[in-house]
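Structures are listed in the sections that come next.
Two complexes follow with subunit A in common, the first pairing it with subunit B and the second with subunit C.
Up next, the complex of A and B:
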């Protein structure tokens, strides 16, 4: 215990003050609002976000350069979205100089690796202006999420309005008001195998990381981690983009975030140790310690 | 000047004995490895010069056989990192010429932008390489482009900014400034966004001002050098002949900016006029170095007693056009298309500077008509029936011709006739009459890029490959 939440400058519970953003946001609309503000202020000139793909709830990463485009990416899609794949193209045929990117902890790790060792990523490192991380316990492939929704929950993907994971349940809400909550025991076997080596729950390497855990419904927990993140976050607060509450005053608060982070890390450490015994050199170094 | 085609001719050996032989190896301030073997008279004037590539053979043409037509241009690009864009574009277009595929207009515009961006950066880079040969006007101080002192510092910064602009435009239009990823057989993978288009436009506008300034600066220092009677090399004052680098060979260029291909209505290059000769037939036989100058920078010339055998050591073919070596490059382009008539090394340097603004004007012109929403990939990409196709691309240092045969999507035959390969024998002739100490300056006028010039696939009179014989 102790290092689960990584390094951060401040932590608050926050939500966007923009009704349009919050209307379709997963929780507090933090990512969309932060990117919209950064776009408006010229802090970034485009952001790699997750939009809708060619099938319902299939994510498609794309480069949003306007508020309208950003708004189409609101809400969480619980399956793999290869956002980092666009990071080079954003600086090439899109001609962006200041790129924002949102991603899971593993994607934040990739972004930082690009900046440290820019092999095949010439002129990319200095163009990453804002990296927003989202909390992640594990991710699913599209086929898995389809099976969970269509077979286990018995709903059509097309009719689903929202999916959430929280309070020990994977919940599916449909347009016509059906709500199906599946215990996480069921979703476990659908988790991506790769997620079991991850030792980061709260996107330690991002500039700002956010997720629903720890805050009340409709709010998000926000960690401001870097100098750059702090600069942008403070400006956004000053501009009235977010309403905030001290994290100590909200329920369930940081205690739950720490607990879940510990659970993930501890569980995956056991798996990693097991993997280390598979053969020579199969063990992975923990990049967060 | 005569060719030693007969190895057993006793006259040849006699000729060797009469001249002093000096060797500069390796030559410096250009890309790749090459050396100069010079026969000089008692006054140190070159009577015969052989400039040859000693970069090891890459074998790209052999590697290409059997690969897909998409792969080969990417491999061809890797022959060198200085003008990979020329190789990518020439290779892609030779494939397109073989399969007879025309690319959409916007794809072509992106390729021209990429081409000009590369040329812009390459000219600026060459400025850094030749500045140490030149003097600060009004002084006897040579220019050190790396000094922190003014006025050189400002020039160095301007050069770097021009290179940055060229490379950034190249990155946007081509995906990468070095080894561009965006061009493909049939067009381009992606068009640029409107935002990117205006970014290129802004950069080109900024570059245009800098390029004009840089061109004027370079022409001033080159003209200043031209007026001088001597230049200092290795602590000695070497007289500068007024005819430095003159030769009587012809010029070859296919376009002032871009290039030509066998798909064109009026192709500007003719493969029937090209014959490849073996280095064996062209270069000197074995010679012994019998003159050395330890003060020659850097580290002196090759030691007396060392043997040199240019015929064997040269790692290039000798392409001829109408039976003669020709000059390719900026001066050839300006001579062929813009009635430029200044000869010699100085003429070459001036011509290169004059291409600066052309690069940016062309970029701006293309951006004016580029449609960022336009199609950049041909609807139908034929897989090829093995017909012969060629494409010439005007690389920064000259005409880069690639020839190919593609059948069912696979490359059956591939050949690269790269700029410096054309220039090797021509520059060798241009050395005659110059003090040997200035020989490197003469070859630098060609902005040589030796790596890609290295080839051993040579055909004899019956068009049979004879390279293997030489390599044994």
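Up next, the complex of A and C:
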């Protein structure tokens, strides 16, 4: 097990057995299915998820307390959604005792810092029941995604049905059947600055983390990492929520996940070093101690 | 259940059991650290936060801490020698008793912890200008770090019961634990010690100057949740502060995962949470 994939108990390729969830899922519908199951079982009272905001493809974090609400948040948005902003509110205004949250690796880091160093997070640490992480190479601000879709791909934001990043391309699919694939060379300069110091690709600190990389189309790679995660995942499997395949038997498998994780971390470590001597005898701040 | 069992157990076994219990009690008492609460210009919210650990506070007092000084909770007049002094509030430099108190605290304590925004950064007392009844001449309030060296910061207004508890447990492990526990506690406390070295001012602006301007913000949303006065929202993916609302408590910056982040500690989050939970059982 390489360090770049973090600690995990099991790793499988999986997809939801729920047709409704899979219909609009990004890949295997893992996050939506896991939260739907946890809600139904009372493992969580609600989950902080990424829904639709006031503009097409603009994410808005919100607290889903029903399956119907969860279903409105399916799919990857490819731009920044401050999900952790709701973590205290979930336990206060919403009165949740068992909170689920989905987020990128950096947001999982934030959640764990909230739990170990709850400086401004009264009564939050014990109420995080399930933290689901998603693989993340980098993220974009809304305006960057808008520029990519409208200026580079030449499509209206409201006409876009799905976006994906994979096989070296950023692809935009529209309702009327247009497909525009931009090479990642173009998207690169729009990447969010803060992502370039990130040393985590597969959400090492989540309870369960998932992403498309490593599994065939329509399936997701799933890492089960903590005792909590293992407990919930095993129950979900026993309840028939997921079809699974051993990760060793699918293509491209863990080899690709490891390769991409290594590439991301290595590239960002070089950037972190470069930051240390960014000026003349002066550098930029390094958050890691 | 215990009474049911003892009815069938021969008397010699019972004797042995009794001896064991009294031995354990003795040991745990002698192993306690001495701690107390020093109250300067604060609103007692920090002390209330400590008390809001409820049965956890009793556990701390039973097993880990002798509470040797506290204007509110202990009947002791003068600041005694302490292993850990939890200081609440800023220091009014026109009030000579307060100045003497903080100096005595430093001289008599191994570890001085600034608890809460006022002790760390001045917090709401930064806005004081004097003229209030019945000590109108009291107008200048400084964080304790402006007068003494501080070892550990717990920012926030109010600081949380859980953060105060974690620091108490870790301070205990640091002073009384095994070598491994000492190392763990030192790692855990290091970022809070770094905060104490960093300075005595805090503001939402720290997020601008130290995080966003430094190209480190990734819009996770933590600062907005940490802010006790809801001065922070996220606009277009980044924190937006209403700076007039900011009370300068330091919660947003210190809670931000890109202000400081220790892989040594965070990668072991599951084990550390189990240790803290175990200590409080």
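We take it that the second predicted complex is superposed on the first by the 276 of 289 C-alpha atoms of A that agree within 3 Å, B and C clash if a C-alpha of one lies under 4 Å from a C-alpha of the other, contacts with A are read in each partner's own complex, and residues count from 1 in each chain.
One rule holds for everything that comes next: contacts are C-beta pairs under 8 Å (C-beta built on N, C-alpha and C of every residue); 3 or more make two chains touch, one makes a residue touch a chain.
Predicted, not measured: the structure shown is a model, and the values here were computed from it.
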Touching A:142 in the superposition: subunit B (first), subunit C (second), both, neither?
second
Counting only touches as set out at the top, which of subunit B and subunit C does A:159 meet: first, second, both, neither?
neither
Given the touch rule stated above, what does A:72 touch, subunit B (first), subunit C (second), both, or neither?
neither
Looking at A:174 after the superposition, I want to know if it touches subunit B, subunit C, both of them or none. Which is it: first, second, both, neither?
neither
Thinking of the overlay built on chain A, is A:122 touched by subunit B (first), by subunit C (second), by both, or by neither?
both
Quick one: is A:226 in contact with subunit B, with subunit C, with both, or with neither? Answer first, second, both or neither.
second
Mind working out whether A:89 is in touch with subunit B, subunit C, both or neither, as first, second, both or neither?
both
Subunit B versus subunit C, judged by how many residues of subunit A each one touches
C
So, A:45: does it touch subunit B (first), subunit C (second), both, or neither?
first
Can you list the residues of subunit A that meet both subunit B and subunit C?
89, 122-123
Contact set on subunit C toward subunit A in their complex
49, 154-156, 158-163, 166, 188, 190-192, 194, 210, 214-222, 224-228, 233-234, 236-238, 249-252, 254-263, 265-267, 269-270, 272-273
Under the stated contact criterion, what part of subunit B meets subunit A in this complex?
167-168, 171-172, 175-178, 182, 190-193, 195-200
So in the complex, the part of subunit A that touches subunit B is made up of which residues?
45-46, 65, 89, 91-97, 122-123
Complex contacts: residues of subunit A adjacent to subunit C:
6-7, 61, 79-89, 103-104, 106-107, 109-110, 112-126, 139, 141-143, 192-199, 204-205, 226-227, 275, 284-285, 287-289
